[in-house]
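Which chain is which? They are A, B and C, in the order written, and residues in each are numbered from 1.
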Amino acid sequence: MTIEIFHLPDAGEGLTEAEIVRWLVEPGDSVLVNQMVVEIETAKAIVELPIPWEGVVWAIHENIGSVVPVGAQIISIDVGAQPQREPVLVGYGVKEDALVTRRPRRESTHRVKPVLAEVTAKPIVRKLAKDNAIDLSTVVGTGRNGEVTREDVNAAIGGDALAPRGSQDQLGERIPVRGVQRMMAEAMVASAFTAPHVTEWVDVDMSRTLEVVERMRVANSERITPFIVVAAALIRAAQKYPRINSSWVDTTEGADVVIHPFVHLGFAADTPTGLLVPVVRNASAANLLTLSAGITEQMEKARSGTATPTDLTGGTITLTNIGVFGVDGGTPIIAPGQASILAMGRIMNRPWVVDDAIVIRPIMQLTLSFDHRIIDGALGSRALASVAKYLADPALEELVLKD
Amino acid sequence: MTTARASPKSSNPAVQLLTPEGELASHDTYSLILTDAEYKLLYREMVFVRRLDQEATALQRQGQLGLWASSLGQEAAQVGSAFALEKNDFAFPTYRDHGVAWMRGVDPMKIMQVYRGISNGGWDPFEHRCNTYTIVIGNQVLNGVGYAMGLTLDQSEDAVITYFGDGATAQGDVHEGFVFASTFDSPVVFFCQNNQWAISQPSEKFVKSPIYKRADGFGFPGVLVDGNDILAVIAVTRTALERARSGAGPTLIEAFTYRMAAHTTSDDPTRYRHENDLQNWKLKDPIERLKVMLARNGIADRSFFDAVDAEADTWGETLRTSVRLMPEPPPESIFDHVYTEKHDVLDAQRAAFIEYHEGFADSGVH
Amino acid sequence: MTTELTMAKALNLAMRTAMEADNKVILFGEDIGKLGGVFRVTDGLHKDFGEHRVIDSPLAESGIVGTAIGLAMRGYRPVLEIQFDGFVFPGFDQIISQLAKVHRRTHGSVKLPITVRIPYGGGIGAVEHHSESPEAFFAHIPGLRVLTPSDPQSAYSCLLSAIRSDDPVIFFEPKRRYWDKGVVDQSQAIADPWRARILRTGSDVSVVAYGPMVKTALQAAEASEYSLEVIDLQSLSPLDDKSVAESVQRTGRLVIVHEAPGTLGLGAEVAARIGKSCFYNLMAPIERVTGYDIPYPPSKLEEYYLPDHDRILFAVDSVMEA
């Protein structure tokens, strides 16, 4: 409760006193700002005086007829008076509902939040980043106080060239590895660092193979490529030396080498979506023509993006043609779960010795990487040599094999 | 409508030393001898307690108090029983025992704080040897017995008086208090003011056997006294206190009186009781009968009575003004005294509270 | 039938309707008969149904609850009144030890279709013990249902459902709203009280409240520059967090309001559940606007304790600026 005392105001014009003519309110009355509360008479006129507060009249200090000087207390108002309440058995009762408006706040009371984490981001944004293998600390935050927003993470996923957080280097490119590519990378690592790789190579005179290719082209509308012949050679080698067509399987007792009954040939295919390895199932039962058809079909599927998971899995041995890129050989990594991989290089005319004379022959390098746990040096060498022997005279080998 | 009994059922077993007509009476067991000064003091105290009650009732009507629990009609029971106390005795009142608080020296303004909503306690119990008001029915009976048990352990000669009403005698706490006090022979006086009403319920409905007789079942004496007879109340209470101090254990006193006003100021007794009751009990007024006795025996005269009234008038006006001007505690004081020791959670809440309130544009803080 | 009633009258009507439909429904409590209750909620029922169906009890909450259990076992459907929130505690033992457990203990043989009506909450300028909010104690006890209406319509519907339920129901009536008027459609009695209800749709923040704070939340929404969705929990046990989750999934922001002290109040339970179910929807930490962890203050200071629209709007600012 707060009492405000109203003094007879100086109305100017030399007014020094006034007579109270009539009170317009009495103690206990509610009054509003500027409400007239008293009539006074000065030397000049009768005027009404307004009260400058809202509240309840507390006391009247001067009676009607009194002549009071300017500055005298004439009426007191309780400006802190509570709104009317209907009391209840145990208390004042409820407050009547005034119009509910918001009591204004100062401008400056925006919270300064302590930085709790190095990177500020909402839970859903963190999840988005994590699911897409984005390191939040490398994303520039454009939100309040440097918060990383959903848009920031989406931009990072989309591969936009955003400068890494805090990095001075504006050159280069950061390409996220995700999805299938990430899985392949992981498989690569698993294979390379689990199977002890040994790589051997041999050069082969491809003239007889090229002859066969040419003769088959003339005889059939089917066009077979040297790649198909190499595939056939590998398949024959796998039939002769089954351990190159096997898998190393860890068991509770140790490990098993599982020799596969069929050759499901996987071959590396370069597609618009990257490297895929489609598989020709049961390639060992095929002759050159059906093998060619199978490979062509799978290649088509892979290139057009219509290959199914079945098309892309289940291979037991892999052939990769690196010669199309103009190189000879290398150290290919065995596909996970397999025992060996054969790479064929480019076919290029080179000097060759035949009957102690130097002649020009189309020479191709073959590279065989094999899992040394499964295949020892002798076997690997023999297998590679048998591929080379087949390619040196495919027609002869086929005839021999028919027995 | 229910008409309450005008007198106890049995052939007036109530102890009475001063009749409603102002005649002194004698009793086989109880007697009282007071000086003239003491008689006049008792009269004055009852007048002031009644005036306090009237002022508070008026203040509530003016919205200056949230509510008031009137003690009108119960002045003799309260002033008399409290008069019997020694300085170091401890009283455990309810929420209606303004005469008790008054006699213990509690500043009435402190009682006003409770009913105005400034404080839930009002005063320091140790300063006046009078507990703060207890609003939960019956709690204070157990608390009082406990204090008395402490007196026993301390081998003190002090005693406790704990107050409750007729309605409270249905609560478990009260019965448990009887059991504990009886078990430990606690130096406690159970003072029940049977003012006939528990809000709207007449005591005869729930009290099938007189309250004072229950003591028998618990193993200590019970005595019925005319609650509007201040002399009998003093005599009976003194005896009970002596018994308590001697180590003999508790006594139950039933002071038969009447709640002349409503349960609280916003109660409407016309809904459940008849005007006739009030008229009957007005004839048994505690102050009137003492006044008659004082006048008849030449102990006090008109000028004394007028002087007391005048003094009460002046005092009443001071009380009214003081209540209206009672300052409100600062808002952040709501966090005070929740614990005895430092409490980080509350400290943080208090700081946030202050910061929040200073954050208003009109808070006057820069 | 549709009429405009105060909440007190709506509760009265619900009890009358229940008593007319089933003569095993009896009312039991202090001063509910002749006086009609200290807030007149049972006004007129004693006159119309008699003293054997509207029974004034002795002054003993433990006695009221304890004997009601026996009455229920005898086939009655007692509707109890505890006069004030702060006085329920002598009866707490019977409520926890017996009322909540008997059905389970007897493997379903014994049902206790008891409704315990308790006026609760502050804002009426009262003395000590008359402004408490003890609902969390009861919502925490398995075996009890806890319901709290916010306006006359829900008061009517919820009380009828509580009385008709065969489970024990603790029914908290927001006493500061007893005098609020609202439309009561009696055919709405079938409306589901065990689910939360959305009283105001919005897109920016979900504001969850119950009992007396629902009106305060609606007032805040009216005065807010943001679009607030106001949800009345209604049922505190079981808690319909699914409805709250659906809202937060749309708004991403949650403010919970209750009078009871914040620590271990209903808000904590809602926050824990929503924090889990809506973790990836939340755009800001969950805010609770509650009473402080102090005993309820004297009435002159209660406005500083009780959440009001300004405090709610302050919390809304926080979650919007997070």
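Everything that follows uses one rule, which is that a contact is a pair of C-beta atoms (placed from the backbone, for glycine too) under 8 Å apart; a residue touches a chain by one contact, two chains touch by 3 or more.
Keep in mind that what you see is a predicted model, and the values were worked out from it rather than measured.
For chain pairs A-C and A-B, the one joined by more C-beta pairs in contact is A-C. Relative to the C-alpha centre of chain C, the farthest chain centre belongs to A. Chain B and chain C, compared by their mean Cα positions, are separated by 36 Å.
Per-chain Cα centroids separate chain A from chain C by 47 Å.
Chain geometry summary: the mean Cα position of chain A and that of chain B are 76 Å apart.
Residue numbers of chain A whose C-beta contacts span two or more other chains: 85, 87-93, 103, 105. Residue positions of chain B touching 2 or more other chains, listed in rising order: 66-67, 117, 360. Among all residues of chain C, those that touch two or more other chains are 38, 125-127, 299, 310, 314. Residue ranges on chain A touching chain B, taken from their complex, read 1, 82, 85, 87-93, 103-106, 109. Note for the complex: chain B touches chain A at residues 60, 63, 66-67, 117, 263-267, 324-325, 359-363. Considering their complex, residues 30-31, 33-36, 38, 56, 58-60, 62-63, 86-87, 89-90, 125-129, 263, 292-295, 297-302, 304-305, 310-311, 314 of chain C touch chain B. Put simply, chain B touches chain C in their complex at residues 66-67, 95, 113-120, 135-137, 167-168, 170-173, 198-201, 205-206, 271-272, 328-329, 331, 333-335, 338, 345-346, 349, 353, 356-357, 360.
Within the complex formed with chain A, the chain C residues making contact are 38-39, 84, 123-127, 130, 176, 179, 219-220, 222-224, 279-283, 299, 309-310, 313-314, 318, 321.
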